[in-house]
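Chain lettering (A, B, C and D) follows the sequence in which the chains are written, and residue indices restart at 1 in each chain.
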């Protein structure tokens, strides 16, 4: 009787690990810009805001435009319905939900991902202003 | 034990074929659900990916409406005690699992065939992968619902409780299944689905093993 | 008795510290100051590097250093008093990007010894970690404890174990609801939406469902022995399938939540780079929530025993009255 | 078959049904369990039959000197009770064939007819037993219990719903199984009690 539970427990543990390992190879949640353009479907694209390129807030249409670089280093113009998202300036990466329309990624929502590391900002990343004046 | 289990399976099958409680209602359920989907989609063009989601929704709810019967029927007729006197818990579980398996495989084949016939927009790029996923998904649904059905057979509100208890347990299977089906439908490469298949297989083994270990407690008063 | 009083003060003190510390906003260090818009003044803390010299415009210019060792020019309207004696300042200031210097508007006081760090992007919202993380942990711990007592019930058939299992599940549900709602509220202000089906959000939602199903099952069975057995069995089945979600998926899949796969560098939420003071508070809060959980468990168990004793007296008195008739 | 109950108690929802029941049944005995309505006769019989586990105490069984374990107990027990429901969508012969198959027994040709005749049931009916009268169903239950020739027969109010012929059938079976092994009857019927070698009174809590 005891043995049965022991053997069963081992089988369960082993296969939980095997099942868990399967996650290592899969990342299906987010698409890339290429994929988004090919499929034309509504997808989530994760990437970074390209700070060297311009951003623009169109007050008439209440849309915000910026350029985003995805994981495959492709840059696309993104237009969001609405104002500039929270924390946009300091986000380490952004997730845009939307679809490609006429060469522009129209996002219904943009989520900003911040460095939630709960530590002070490291030396190397500090903004230009302070750096220039430091002794 | 296998012979005992098979005898119980044969009994359930004969009983079902004679009374047709589950089969007729289930077939109608599938037809009605698909009809509702078709009504609501007249004139719409949906991608195969979106239709994949719908296919799984139909499969999930069909399973939820039919698969609790194996144990609930015994409880409702009052034959639970008779079966307890006839066979070991292991044999009972295995017999019921086999019956659930047959029912869910037959049901899903019916659903998929009907789906392929009625939804012209639904095209499958990799039929072999698609059917593999359907088979694994059916196995997983049968394994998980068998033990949950045994549990809810002892409760008061059997019908409503079944999906409530099943959904969280089935969710890993549904996520992996849907994702793998999407790959089969949209992508031409079999290899992309390996993680999902691995996940499905280990899910089936885990749930079946746990069920075997715990069925004694559920079955005996 | 004494430990309860101690616990009370412990949690009270921690809560006050965790919430209140920077009363007038974040105690920003230099990186923080630079990130704020030039028009806004915020409290900033700094140490003095040198005593400086008179500036061209008649003010006073000196070099200040923040807790992370960054330096910047600090401009005062006039020479601050007691400059030689003070080691550090807490001052209201803003960053002047044209002059590349920090304009000090007003000195608030000396350098605070306990200061909440400035965390870019999170700022005040970082404090959620003191509540959200311990709650999430307790959700999982309570569930495991519930399952553990469920297994013990199956082995020993002691109704007391079943009650422990149910109480632990109840507390777990409470913590789960709290963790979900705090996380969701935080997500609105940090990520931009209340709910995004992030892997971590999905995982806690599933856990919520499992708890809900557990109690739905319990309320649907009348015979207590059967209720105990079946709910124990269900919690084990759930525990065998749910880890896919709670422990593996959120870590390995990319997502927004700290600790997910593409969250480079920070790894699990507890990164080694975490501010030392925050770490102390966080660990204390974890301990505090753990003790709170144990305390609530004990109260519930005592209540249970009292109820049993009362129903036993009621039971035996009816028996007596029947046998007298 | 030796059956030993040691300090067996059973509670439902913390309400005790009975407490500290101990007895021994030896091979060749007909053992009676008597008691008022609601005293827990049926509950005790279910515990003896392995259908219900005792809240405390132990049940032990031994057959020809070797202990019988819980998992295999059902092979050695025949159980008849008014609350036992057979598969009513099948005919009598199908039911018997089904039990034989699940129990892993091969019935020789004509065995089913012989069994049906033994308890006075018609051999030519092919309709589901749903249509049977309550007395005929009781006779079916007897067959369900003795089909696998168990060394221990448990009877809960065996003559309920039976006519005089039926009672003769029951008592024939009781006498036969006294020789094969042991019989335990839970009853308050005077005729049943007269067949018992010993009786045990269950003093249940109300």
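The rule is simple: a contact is a pair of C-beta atoms (placed from the backbone, for glycine too) under 8 Å apart; a residue touches a chain by one contact, two chains touch by 3 or more.
Since the structure is predicted, the reported quantities are computational estimates derived from the model, not experimental observations.
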Closest chain to global C-alpha mean, per-chain Cα centroids: B
Between B-D and C-D, the pair joined by more C-beta contacts: B-D
Rounded Å distance between chain A and chain D, as computed from the means of their C-alpha atoms: 69
Distance from the mean Cα position of chain D to that of chain C, given in whole angstrom: 61
Intercentroid distance (Cα basis), chain B paired with chain A, Å: 36
Residues of chain A whose C-beta touches two or more other chains: 12, 16, 19, 23-24, 26
In chain D, residues with contacts to at least two other chains: 53
Numbers and ranges of chain B residues touching at least 2 other chains: 172, 199, 203, 206, 210, 221
Chain C to chain D touching residues, read off their complex: 157, 159, 222-225, 308, 311, 315, 319, 322
Partner chain B, residues of chain C touching it in the complex: 154, 206, 209-210, 212-213, 216-217, 220-222, 225-226, 229-230, 232-234, 236-238, 240-242, 244-245
Chain A contact footprint on chain B (complex, rising order): 47, 49, 172, 176, 179, 194-196, 198-199, 201-203, 205-206, 209-210, 212-213
In the complex, chain B residues that touch chain D: 3-4, 7-8, 10-11, 14-15, 18-19, 77-79, 81-82, 84-89, 91, 220-221
Chain B residues touching chain C - in the complex, by the definition given at the top: 144, 147-148, 151-152, 154-157, 161, 164-165, 167-169, 171-172, 199, 203, 206-207, 210-211, 214, 217-218, 221
